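Next, two complexes with subunit A in common: one pairs it with subunit B, the other with subunit C.
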Partner chain A sequence: MRWIWIDKFVEFESGVRAAAIKNVSLAEEHLHDHFPAYQVMPASLIVEGMAQTAGILVGEARGFKEKVILAKVKRARLEREVRPGEQLRYEATIEQVSAEAASTVGRVFCEGKPIGEIDIVFSHIDNNLSGLEFPEENFVFTEEFKSLLRTYNVSGRGT
Partner chain B sequence: MAMSREAVFEKVKEVLVDALGVDDDEIKEEATLTGDLGAESIDFLDIVFRLEKTFSIKIPRGELFPDDILNNAEYVEGGKMTAKGLTTLKAAMPHADFSDFEKDPDVSKMPNLFTVKTIVNYVTTKMA
Partner chain C sequence: MKFILIDRIKTIELPNRITAVKTLSLAEEYLADHFPTFPVMPGVLMLEAMLQTAGWLVRVTQDFRYSMIVLEEAKNITYKSFVAPGGSMEVIAEAVEIGDASSDFKAMGRRGDEEIVKARLKLRHYNLADRDPQWADTDDRLISDARKRFDLLGGPAALKTAGVLAHVR
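Presenting the complex of A and B:
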């Protein structure tokens, strides 16, 4: 399974905000286990979808030079379950960014209606965890993730 | 804008309750962030961001939590911070209370320098 939990970006304002959508489908095998008689998109994967939306926003802001890792989910609140056939929309805004970290606030919509908030702190890990070294290659922003942005044609930066 | 120390404490308390998910009666001046309040290293990034937002201040890296000194092996000998290290750290952290740490500068006790009071002192000075 490919670990991509957004389908495409629909808005992208470099360094500021981004919106992505995710269509929930019964073709996703995991839904048949969660749960066999009543399929619900796992809330943890909704958090992941927001982390990918916000994480790419944060990464793009610095030309994908930083390894952006989810450090902390500050807040996650979802009002209702999300079921196959529904469309999620993740809206993320950069709240603060520094050399070593970034924080984002996010709102989740389902079928156009707000259903929750997910706020995240990301770490630029090369600038943290003193003494630890990470591989030079950017293992966070693989081509798969960058191709998501290409489909939106976001970038005058040639990413 | 200057703020009274009490007003800073109340706001710091809110920041820590939100950042660490602790009860507000756990936030006492002497409470240590990691020991008493269960903060993990990653929470420090969150706390710095929240303080910046709450107080509309900029906290340059290493000013509140000087990790470059804390993690510098040059300042450690036999598990204790050297005199030079201690002098450097004290200069970098005028907002911390070193009275206990000075008696036994065991590096494992370094996290105890980071108390609620340390943060309140820092912000109060910054706002002055």
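Presenting the complex of A and C:
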């Protein structure tokens, strides 16, 4: 399985807010193994969809120079299961962004109706070390990743 | 891909504690994207490992009464370290309360004494037939699948160990 949990951005206001969509399809193999006889999108991967929407929003706000990684999910609440054939929409808004970290608030919609909230704190790890080892290069926003962004209609400030 | 984020249930201490282990291998395909030059276990799959571990304690406690055990709410999922290929994470879930239709857990992942992740989790439990009786046969299949997977993960042996421990105490 690949690790790309949004299909495209549909709204993008640099440094402020973004909305992305994700179609949930029976062709996705993991759906057949989560609850084998009743396919649903795993809640943890819905959290990842929001993390990718919000993470790209935060990354773009500082020209994709920071290594933006998940530090904390303050709250993730989902009120129902999401099934194949349904479309998810993730709406993320930047609450705060600094040299060390960023926080976002987000709402999840399914087929146009709100189904939950996911609020996240990201760490810019170059400026916010905790003794962990990681590569010098920006392993989060790689060249391959940036080329994917073009299909999302996101150019990226300073790139 | 398979969506089984723990490899083995290690211990089940009724009524409120379960431990499991997740080993990470470079053969897991998503690591090619997360990240190409720095493969590490995605944070949300650590969440999934904690959810699955807690879910097994709910099933055992309720004798597999419900087919669906899913996330209702997670709070303060805090990440402190990475898990790299070749490494593993011990997952511990402690039930604060297991009610009929929902449960509340404190969960964490660790490597020896080092904490990797921790979270507070609320799960909801239900059968599809509760909403529409036509789904009763799907509930039966899901529960049967869950029992087989519990065996595969070493659940019965983990329960047996717990029985011995309780006896010793």
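The rule is short, and it goes like this: the second predicted complex is superposed on the first by the 144 of 159 C-alpha atoms of A that agree within 3 Å, B and C clash if a C-alpha of one lies under 4 Å from a C-alpha of the other, contacts with A are read in each partner's own complex, and residues count from 1 in each chain.
The working rule: a contact is a pair of C-beta atoms (placed from the backbone, for glycine too) under 8 Å apart; a residue touches a chain by one contact, two chains touch by 3 or more.
This is a predicted model, so every value here is computed, not measured.
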Subunit A as common anchor, with subunit B and subunit C clashing or fitting: fit
Which superposed partner A:33 touches (first subunit B, second subunit C, both, neither): second
Touching partner for A:2 - first (subunit B), second (subunit C), both, neither: second
Touched partner set for A:128, first subunit B, second subunit C, both or neither: first
Partner chain in contact with A:44 - subunit B first, subunit C second, else both or neither: second
Partner chain(s) touched by A:100 [first = subunit B, second = subunit C, both, neither]: first
Partner with the higher number of touched subunit A residues, subunit C or subunit B: C
Cα-centre angle that subunit B and subunit C span when viewed from subunit A, reported as a multiple of 10 degrees: 80
Which superposed partner A:91 touches (first subunit B, second subunit C, both, neither): neither
Partner chain(s) touched by A:71 [first = subunit B, second = subunit C, both, neither]: both
Where subunit B and subunit C come nearest after superposition, their Cα distance in Å: 6
Overlap of subunit C and subunit B interfaces on subunit A (superposed complexes): 71-72, 74, 130
In the complex with subunit A, residue positions of subunit B that touch it: 18-19, 41-43, 45-46, 48-49, 52-53, 61, 67-68, 71
Contact footprint of subunit C on subunit A as seen in their complex: 1-4, 29-30, 33-38, 40, 42-45, 47-48, 51, 69-79, 81, 130, 132, 134-135, 137, 139-140, 142, 144
Partner subunit A, residues of subunit C touching it in the complex: 1-4, 29-30, 32-38, 42-45, 47-48, 51, 67-68, 70-82, 119, 128, 135, 138, 141-142, 145
Complex interface listing, subunit A residues touching subunit B: 71-72, 74, 95-96, 98-101, 103, 121, 123, 128-131
